[in-house]
């Protein structure tokens, strides 16, 4: 059971990673990256690392997400690749 | 064989993530995408540590009277967890500085596309 | 180059101890040459040493507090760095 | 001949250091020429005195040794005033006094610029030269050798025009490459034998290296010293460096630099490789071939030079190889001749350069064909020139005869008839390129110089002094501080040990 | 417990406390950050020198932070090797900080506190890398120093942020590779403590993950060290940063990476294994050799002094890598000695660069002329001495590290390295004498005449202020001292640090 | 990003939410001994609360929370609390960061460590919060040099090149 959750999370992780790198809209990429970090946090928790998962969720997804959006707003949203 | 896959597939998924992240950092030309690649890369390494700390049939490393603490088999290894806390924060710090640099670059050159940037730098 | 990197890592991982194996070097009580291994020690002694049930907290702030000090300083560094890069003056 | 024994003394160190210590004083008194030149002369006098003070000991075979510090792991920065080093140091420090006087006259007479830099570099060069003479091991030798390169660079580029700078670059390129090869060679020797101390009879022994390795090592070291020693085909910096002021040419190309080079050749032959090894691996033949080639070809080139200083420069190239040839003969006469030639050539060539300098400063002539009749205007200068020319040719009353005599003896002793031939032919060539100058000066009449008198006494006195020295030295080889005895003592050391 | 044991932590702490305190001062105390930086780095320097002497006479110090013995806690290891590197790092920092008194307020106006804080963090991070005995702790300090380095590189001209960003990406790859390598080693040995790892690895026999871990560490650190072909970030980063930033990063940044290389290859792992099992050191050595030539050739092609010095750094790092690649005592002596020498030389040269920049406003070699010598005689004398040392002429320090490397190359019968060292010296001659000629000589081809003399006499001396001049000249003079005292340094400080397996 | 939001609802709700987040943050710091959490997580939550205010109320109005200028010195103070705790232990003759070396009468060593950890966690929390806020403030601040270049590569304020 547990490993099934893990597998799903891994697949989600890979999907969001590829998505974050391939999307042309940087804001969407930021969202995908945040989703990636959040999935990562879930994965940590499923592996029993609750502290790490919590930190990843707060710091990784929260703060980095905000920074990401701030940075995108300060620069440009479009990208060529 | 299934046993083997079961034991190791997480590592390979992590390697895949590492490669994706490295690809993003090295091949993508948009600087923001490079930062995303960096995030993926760092998180994959963190995941590797966390995966290494994993033990079957063990509980989270918070002392629970139900499990005797004398036998390490009962608890997950807390050491990599602690280290990864540090690594996450370090990662955030790097990403923060990277964004600051991106903003500075954008102010100076008005673009984050590496080829355009190189061209504008050369034309100075 | 990426392929080389992948090959190297796969080569290393298939020789690693299986994931979740409680007998992996990292989880054992003693290593090959008979020295204690940190992980098992932490599990066994964290509460005794600092009266705190959360082992991660104990390691974070006591056993390996210098790591954490370094980590705080990293965050501080990042703050000062952003200031240095983006702000014109420290104080207006 | 007493056995050599060493005693500790700081005299060699002070002999090296005194002119270095004069440098700050010279720089400090840049605005006061008289004071500045006083420092130069003072340092020269003290230096000579210090070297003289070492002489009695050296004659008795007692070697003053001074270990400054450990310069690299296992290797000391040691100064040893052995007979051979003393011989060279005596010549260099003695002639520095004369050159200093002459420099003052020349630089002032020629209104040269940047005299402070000139005198400072000069002082450093002398330090380095004495350091080379007293070096107790190969690494110390290299250190002073590189120092000499650096110190003479400002002298070569002194006039700062295009050709001077080009000559300076060429000089650096040659000398530094040479230095590097020596460093590599020294490392090799150190790796093989574990020591770099100069030992009479050689550090290396037969069988330590393969024949090929020994030859490569020999080439590395010989290229190292040969560049400064002007052995063909490594000589080409030397004539180009003639753009320097004439006292520099005199000192560089008669005493300090080039002599350091050939001094190094003899050091390598006698104290690093040793006659036995040289003979065993045919290294002497290699050296002899290059030296003989240089003697003949350089003489022929000298014949074709129109510029007086360049002609003298090529003559220097040829004569330096006499010394190398002497070392290549590997017998005591050969070594003696080579060593003596260091001193005799020094006095003779310095005389000739002084004369050339006096002519340039006073009559503003550089080319041989312009000298017609100048001898009557400047009789002292030309008389000195004649003596020098006779000496280089090997005519008896001048000291060149002495060294050539020993060299010829050595080649007969070694049964090298070809070498003897080389010496004789080159004697003729010497005559052919030097006597036309004398002939033009005295016997071609020209009205150009009727009103021109003799040059300034600052220049004439030194050049006459060196000329007289040349003659007296031949007649009484031991009169001057027992130079001859020193040379024979040094040679005996080498031959006995092998 | 002996009080001297605390030396280890006394080296590490002042820099961090200084960094934290420097930003707290109110804005009107304008000199306070500078004073803090000088005092703290001076304290750290004094402590390092004391530590150096202590370790030389009494052996290594292991300091258990938090009182926890390894592998539970983190230990600081002050052995001859780390004490030596600490002394180099703090010494250079001390002199560069003194030098910054008038330059930094001009180059980063209003942000002196942030600048000094960042620079102290850089120094502290590097000291942490050198002192720590824990692999993960090393990563943390590595990131502290890297972050500070990125920020220092990012201030400068318009192009600086981009070069800093490239540095950041490559630096993060390097650090991440390091962490990845640590992960493999830790998973295989069960410990993050270097001493433990050193004991366990031989017992494991042939362990693929540990080997791959070492390779990853070496690769990651090679990036940080700017080892050829991973040197791309260095030249731009050094060129576009402010001159004091470069002066603080260039002498010590890459050296500490070299330290990690030494630590990893010769202390943590069995040198024999590293040398022969996987020909890792050989590869490092050859990369270093290529880097020496490549850096020198590119340095010749530069027309800007700072950029030229940056490329020369690539080449000089190559020497250190070459010494590591020899994997012999002599090679190690050469590498360590060259670390010291090159740190002093590069610090001196970059300070000269700063002096020139702050006086003339440019460092374009093509626009140098002979008046420079008259205007700034002491600075130019320092430059000359440092240049001679860079070329490697005796009796300056640069010669002797090359001497040991040459000896080591002969010993290993590695003629390629030998040739590279010799050729690169000549290349150094080319690019340094080109500058020296410009500074000292008239180069328009006409002879020096009365007119020039009058012109020269009219030029006023405009030497830098004493706070800038003193460190420059002192470092230059110490090159001579280091050269003459090298045997002493080798015997007392470097010999004891050579690991027994080498 | 730092202009006040136009919707009153957003402002009011976010203010309440921010307080809630900050409260939770403090709880996380204190309760880190028993459950996941600690200085970092708590600090990051505190910072998240401030950032929320920064984004909704606007950069200026939320200065009273953590002012931009004070952020870095406060972060330094937080780190100093941490590092200073180590110095205190040094002063009592222990190793650096050895909380157990501090003799507190009537309290056992593990408990001293307990409170040592708590003190340190507060330092961490303060440092992390202020530093994260400072980074955000620097990122969203307008270009202080006023020489920004637009996307076409031209300097703002100067007429575009023809």
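As written, the chain order gives the labels A, B, C, D, E and F, with residue 1 at the start of each chain.
One rule holds for everything that comes next: contacts are C-beta pairs under 8 Å (C-beta built on N, C-alpha and C of every residue); 3 or more make two chains touch, one makes a residue touch a chain.
Since the structure is predicted, the reported quantities are computational estimates derived from the model, not experimental observations.
S.K.: Imagine subunit A is simply missing while all the others stay put: what groups of chains do you get?
M.R.: Once subunit A drops out of the picture, we keep one piece.
S.K.: Based on mean C-alpha positions, which chain is nearest the centroid of every protein C-alpha shown?
M.R.: Chain E is the most central one.
S.K.: List the centre-to-centre spacing of subunit B and subunit C in whole Å, with centres computed as mean CA coordinates.
M.R.: 13
S.K.: How far is the middle of subunit B from the middle of subunit D, if each middle is the mean of its Cα atoms, in Å?
M.R.: 70
S.K.: Just how far, in Å, is the C-alpha centre of subunit F from the one of subunit C?
M.R.: The mean C-alpha positions of subunit C and subunit F differ by 22 Å.
S.K.: From the C-alpha centre of subunit C to that of subunit E, how far is it in Å?
M.R.: Result: the chain centres lie 28 Å from each other.
S.K.: Scan subunit C for residues touching two or more other chains and write them down.
M.R.: In subunit C, the residues touching two or more other chains are 9, 13, 16, 24, 26-28, 38-39, 42, 53-54, 56-57, 60, 62, 64-68, 70-71, 73-78, 80-83, 85-91.
S.K.: Which subunit D residues touch at least two other chains?
M.R.: none
S.K.: In subunit B, which residues are in touch with two or more of the other chains?
M.R.: 10, 18, 22-23, 26, 51-54, 58, 61-62, 79-83, 85-86, 89-90, 92-94, 96-97, 99-104, 106, 108-109, 111
S.K.: Which residues of subunit E touch subunit F once you look at their complex with the stated criterion?
M.R.: Within the complex, subunit E touches subunit F at residues 1, 6, 9, 13, 16-17, 20-21, 23-24, 63-68, 114, 117.
S.K.: Can you name the residues of subunit A that touch subunit F in the complex?
M.R.: Residues 50-51, 53-55, 58-59, 62-63, 66-67, 69-71, 73-74, 76.
S.K.: Note which residues of subunit B are touching subunit F in the complex, please.
M.R.: Residues 62, 85, 89, 92, 96, 99-100, 103, 106-111, 116, 120.
S.K.: Along subunit F, where are the residues that touch subunit A in the complex?
M.R.: 1, 36-38, 40-41, 44-45, 47-48, 51, 55, 132, 135-136, 139-140, 151
S.K.: Over in the complex, which subunit F residues touch subunit E? Could you list them?
M.R.: Going by the criterion above, the answer is residues 72-73, 76-77, 79-80, 83, 86-87, 90, 93-101.
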